[in-house]
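The following pair of complexes shares a single chain, chain A, combined with chain B in the former and chain C in the latter.
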Partner chain A sequence: MNSLLFQAGSVVALLVLGFLFGRLAEKRHYRKIIQRESETQALPVVASRYPPEDRPYRQQLVTGSVVIASDYFKAFLAGLINIFGGRVTPYESMLDRARREAVLRMKAEALALGAAYVFNIKFDTTRIATGKVGAMEVLAYGTAMIPLGQAVGIQHEI
Partner chain B sequence: MLVSNLEFLPGRTVVRHLGLVQGSSVRSKHVGRDIAASLKNFFGGELRGYTELLSDSREEATERMLAQARSMGANAVLNVRYSTSSIAAGAAEIFVYGTAVELDIE
Partner chain C sequence: MRYENRLPPEGINTSQVHPLRQFLQLAIGAVLLVVMLVIVLQYAGAFVARRIPFSYELRVMDTLDIELGEAEQHPEMTAYLNALAGRVSQHLPLPDGLSVTVHYDSEDVFNAFATVGGNLLFYRGLLSRMPDENTLAMVMAHEISHVLHRDPVAALGGGVASTIALLGLTGNAGTGIAGQLVNQAGMLTGVQFTRSMEIAADDAALSALNALYGHVNGASTLFELFSASRERSSSLAKTQWLERFLSTHPLDEDRIQRISQQVLDQQWRADGELTPLPAGFQRWLAVD
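And then the complex of A and B:
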């Protein structure tokens, strides 16, 4: 009886801790993401396969990746939602954060190279399973277009 | 060596197509890192150890692909794609492939 109570207690404690720390981390992360996104707005990331031809460019592959884990509360909530079906919102926000973070890291690499655009962005999302740990890896990659010299003719409009 | 995930480069011509080149790397983490990661799983957030592991692994796979391209006499690899799969508990395979080409001299 005592051990059962202890087990139930530890689950509740983990749920509360997961909820508090998870929420705090998520809020802080979103604040940072929004701030960094507005800082790097000058560098457009384009999903087109056709690069601009207004001036000569040097090209280089840039990547950004992040491995993100869910917290105990999110996993528990997702398990509940799974019974009834529907949108699993706790995981939606987790993947949204991971994807935006990956893009931001890729952009940072491109900005360090002096790129004007990142073309042909691709995403790769994988579940990294290590025993009990459920984690997702998001990779974003694209081609950084680094201008060499001045623009000739009409500017490329995006 | 030029590496790009675009299919062609403005202002450059492909002189020769040399075919598919690929590189892969399977890595896993030592147990200590796995334990640290499972603790992190209660509170959520980034698993930095794994992020590093996978990006090192990706670098190695890319290096293997480039070695293959160099041995073919290529000076660029175009249309590069990455793919990741988790093949067993604690191990992931990174696969990278592209087309080796010879470009005209700049």
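And then the complex of A and C:
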């Protein structure tokens, strides 16, 4: 009986902790993402496979990857949604953050190389944890188009 | 060609739903769904299972070849328990074909139970604490009443039906966190059924005890012993309603109270002479 109460209590505690810290982390992350997106806006990231031919470019693969974990609250809520169906809203924001963070990291690499564009951007998503609370890896990769004649290795502050 | 990235508006890839609101709606919905499902399936499963002929239950137990008790090492105790079961059965309306077999297990477990095929298992831990035969006869009558009411097979039928449904509902029941909520809700709904079985078995046992000895002295001793062994302190009294709701059996206090009420209603005697346990009882218990 006491162990049952303890179990129920620990689930509630984990839910409250997961909700509070998960929400705090998400808000903070979104703030940073939005700020960095506007800072790196000058570097266009294009999905097209056909790069511009206006001038010679050196091409290089650039990648940005992020591993993002769910929290107890999100996992619990997602489990409930699995019963009834519908949009798994707690994971929508989690993956949205992961994709945007991955693009930002890829852009950081491209900017460091002095790229003018990143072409042919693609995403890969992998589930990497199989515990009760899952984690995902999101990888963004593309071809950095670095104008020839331009000094390579200029560090851009981001 | 010029390329530019415009900043996308926020909220395109995310749904604007408050997570707490969604959580409450879904959690309450899931619990209600499970409770209703389990109630229906427990009733339906038990209803169907009670209609399985007892002879079929016996045949299935035979083919399963489950070793219950230790009749070879403890022939005297096993014989005595079966004889007592025979005497108690005469005062219970057992239909033709329904029979019980009592097994003895020398483990120090303070319990006895009835299972499918009319098999009863009594543990040494329970028998060693029996002060007199009347108390033991009350336990015996209670367990035989379970067989008479077909409770073991009904509990199995209801349990199987609701477990399968819960498995289907959660997909991988027990592994997901939300699956635990669903399972706990299902389990708590399920125990509400076993409690009503216990009360019915207590009632039938009490009337058999009165018929056997002419009084019901010793009927509540068992629950007093249970209560003492749990060492419940008075500080726990506040959570009694919760304990009542969570447990598979009625509270010891409630059972004692119900017995007292029955004795008053039926005008049974509660102060008759207690029958001692047979002379060799302690010796049989000591055998390893």
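A few notes on this one:
Simple rule for what comes next: the second predicted complex is superposed on the first by the 144 of 158 C-alpha atoms of A that agree within 3 Å, B and C clash if a C-alpha of one lies under 4 Å from a C-alpha of the other, contacts with A are read in each partner's own complex, and residues count from 1 in each chain.
By definition in this document, a contact is a pair of C-beta atoms (placed from the backbone, for glycine too) under 8 Å apart; a residue touches a chain by one contact, two chains touch by 3 or more.
As the structure is a prediction and not an experimental result, all values here were calculated from the model.
By the touch criterion stated above, A:72 is placed in contact with chain B and with chain C alike. Judged by the touch definition given at the top, the superposed model places A:84 against chain C, while chain B stays out of reach.
Contact with chain B, but none with chain C, is seen for A:61 once the two complexes are overlaid on the shared chain. Of the two partner chains, chain C is the only one touched by A:34; chain B is not. Residues 52, 72, 74-75, 132-133 of chain A are contacted both by chain B in one complex and by chain C in the other.
Touching chain A in their complex are the following residues of chain C: 1, 3-7, 10, 13-15, 17, 19-20, 22-23, 26-27, 29-30, 33, 169-171, 175-182, 184, 242-243, 246-247. Chain A makes touch with chain B in their complex at residues 14, 17-18, 21-22, 25-26, 29, 49, 51-53, 56-57, 59-61, 63, 65-72, 74-75, 94, 101, 119-120, 122, 124, 126-135, 137, 139, 141-143.
Within the complex formed with chain C, the chain A residues making contact are 1, 4-5, 8, 11, 19, 23, 30, 34, 37-38, 41, 43-46, 52, 54, 72-84, 87, 89-90, 92-93, 95-96, 99, 117, 132-133. Considering their complex, residues 2-7, 9-11, 29, 34, 37-38, 40-48, 50-51, 54-55, 58, 80-86, 89-90, 92 of chain B touch chain A.
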